[in-house]
Amino acid sequence: MLDVFSPSDEQLPLLERMAADAKSFWKRGWLVGTCGNLSVKVNEQPLEMLVSASGLDKGALQTSDFLKVGPAGKILAPTPHKPSSEIGVHEVVYRRTQARACYHVHSVWNNLASQLFREQGSVMVENVEMLKGLAGFGLRDTLRLPIVDNSEDMTRLARNVDGGLNPKIPGVLVFQHGIYVWGRDQAEARRHVEILEFLMEYACRLRSYKQ
Amino acid sequence: MLDVFSPSDEQLPLLERMAADAKSFWKRGWLVGTCGNLSVKVNEQPLEMLVSASGLDKGALQTSDFLKVGPAGKILAPTPHKPSSEIGVHEVVYRRTQARACYHVHSVWNNLASQLFREQGSVMVENVEMLKGLAGFGLRDTLRLPIVDNSEDMTRLARNVDGGLNPKIPGVLVFQHGIYVWGRDQAEARRHVEILEFLMEYACRLRSYKQ
Amino acid sequence: MLDVFSPSDEQLPLLERMAADAKSFWKRGWLVGTCGNLSVKVNEQPLEMLVSASGLDKGALQTSDFLKVGPAGKILAPTPHKPSSEIGVHEVVYRRTQARACYHVHSVWNNLASQLFREQGSVMVENVEMLKGLAGFGLRDTLRLPIVDNSEDMTRLARNVDGGLNPKIPGVLVFQHGIYVWGRDQAEARRHVEILEFLMEYACRLRSYKQ
Amino acid sequence: MLDVFSPSDEQLPLLERMAADAKSFWKRGWLVGTCGNLSVKVNEQPLEMLVSASGLDKGALQTSDFLKVGPAGKILAPTPHKPSSEIGVHEVVYRRTQARACYHVHSVWNNLASQLFREQGSVMVENVEMLKGLAGFGLRDTLRLPIVDNSEDMTRLARNVDGGLNPKIPGVLVFQHGIYVWGRDQAEARRHVEILEFLMEYACRLRSYKQ
């Protein structure tokens, strides 16, 4: 039943776009050290995802650096690669939301935000215009970006994200780990990454003046 | 009376320049998340503007990503795009000043400056050489860059900018939103953006030492 | 006696190198807003300099964007351009030192350093390895980078730099203005810019922990 | 016994990779001002290393900008270049660890970290996901990145690094100097550089909130 994974004509642009988005994030310092991972959902029932392979330089991904996986990260086509060990989190995101793309990045500012605002359980941002770039948000909506515990146990990590995830908010911070961000398509996922990174930097810098 | 918008030979370089300036700002983190917008005035009476379409990635604008609009954002040529909802602010700028280009960017530092100096109603900068890069400014001129309230009502936002705008100062900060910057041509608008962003970062960093 | 300035075969690479160095500095945010200027000395007696024209975007200089000038900024070949108004400072540098290249950049950090350390009259850096990249400096040499007053009077500015300049130190900070940096050739001038900018950022950041 | 150094077919990609990694680090501001150096080990017994030449711009290295050296930095093939004076530190790294690539970079943040945490003798990082990118590290492992004294005497510097080096940790900070980082191959060395730089910036920024 397994075929060698060769992307279809509709899938190839998705992979090219993921590689380009990853390179853009890497340049900004959000995907250094081979950290992070990216996926798109290509089928709903049964769930099929194209996901970046584990351990590769995110500044130089090729379309051959992705895998096709199903529920529980089951590899659906022979590949020399291992899927990201955090595929279970992507699965939670696809199950709980309307997302068709999920990007996970690590930045100094999102790590800091998860630390500085840990006690509150979320990073609160309000009355900032950039909020309007988040799908469904207006200027008067308050963002409470959830912060969940990290875990080295991937099942537990997925459960933590599941527990913290609010489908009206397109991201979840993991304590001193990074952020999972999603959107209805890749353009929206990328927009959400750029906006949430902007807001995390803003929240952290602002706090430094208020000690 | 409507034609399909196809830029004239004089207009095409204006669009190419806007796309290039937008990409440059995006690289510096000032136009992330599809935020911001750019326009040039191509006719005075009646007012005609070329303006970036709403919701596009400002790091990858094409010349086909702009529209031709008139007063109150009236679309003057059929287009698949929507104009930026903030076109009314550009109109205020063109009515109140000699500007022929108006660039609106969102940066972490200009958001911070609008917060940290809100009570004063403006960001004051003096005796800084970079001021000389603002048209009409000498080293001894004090910059008081106005900060106006933000609004989700675009008519009100335009009125706020109108109320705060000082024609001798080529920019207005909107509280936790971004900055509108203009110039007599695109080169000047871009120069003013780079200088005002420099000065906002400088003012915020300097303040962190003076708490 | 005036010819149209067309660079000689030996001069062309100097101009290409200046344009490349300017672009590199602009990318780092040190030459934004058309600020700053660059020169090389091409003759000693009488003094002849190739200098960037005033008011141009330093991220996009062409070899045609330079002029040939003599003492007191006298233009030595017809040109559509104006020389930088700060050419007098370059002249001081060439008269007082062995420099054959002089680069003047404005950065947020060098402006901050000139403010934070103004009372001491210099920025002191010691026991930092990067000092070894400054010609003539070893690890045990203490850098006291002079800070001189700014002036809108260019003759006075040149005199201030003259008064503060220490020929053993390849740079002078001007209060809330920028830094003049030089070297025996362009490679050294550029190396000195990169090192002094590193050290100014380091000195300012370190100070923020010691308040 | 000496031949002119011309890299073998296996060595050429190593040099190309070193040049590319150096350029990437330079862009991030970690190898400015010609500082830093890079090497790979190409033979174990006797030790043979390919190392970047001294004093070159690390943003523009060519494959001809490397030398082949042996123990004590002995030049093994005629060359116009001088090897980095810090080759003795690389030798310590190759003797004490399984490394086949060693990269030495100077950043503002790694200099700051070496200052701010000097009294503790190391920079401690724990419970941060990025740790997992360091070979052999899990989320629960605490990083204590050693900080050793700097010296202008290269023999002493090598001895300091030898004294501080813990083979389970792929890097050593030198006080106000920079960081030596290594890996079993170039990809790992580069990954370790990116991760340790991330962690040093994180540790310094976090500390600024805890004064």
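Note that the chains are named A, B, C and D in the order they appear, and that numbering of residues resets to 1 at the start of each chain.
Keep in mind that, in the parts below, contacts are C-beta pairs under 8 Å (C-beta built on N, C-alpha and C of every residue); 3 or more make two chains touch, one makes a residue touch a chain.
What you see is a predicted model; the values in this text were computed from it and never measured.
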| item | value |
| --- | --- |
| Chain C onto chain D, rotation angle from CA fit, given as a multiple of 5 degrees | 90 |
| Farthest-lying chain, centroid of Cα atoms versus that of chain D | B |
| Averaged-CA centre spacing for the pair chain D and chain A, given as whole angstrom | 31 |
| Inter-chain centre distance, chain B versus chain D - centres from mean C-alpha coordinates, in Å | 44 |
| Overlap residues in chain A, where contacts from two or more other chains coincide | 208 |
| Arrangement of touching chains [line / ring / star / complete / other] | ring |
| Chain B to chain A touching residues, read off their complex | 29, 32-35, 57, 59, 106, 108, 111-112, 115-116, 150-152, 174-178, 204, 207-208, 211 |
| Residue ranges of chain D in contact with chain A within the complex | 24, 28, 127-130, 132-133, 138-140, 187, 190-192, 194-195, 197-198, 201-202, 205-206, 208-209 |
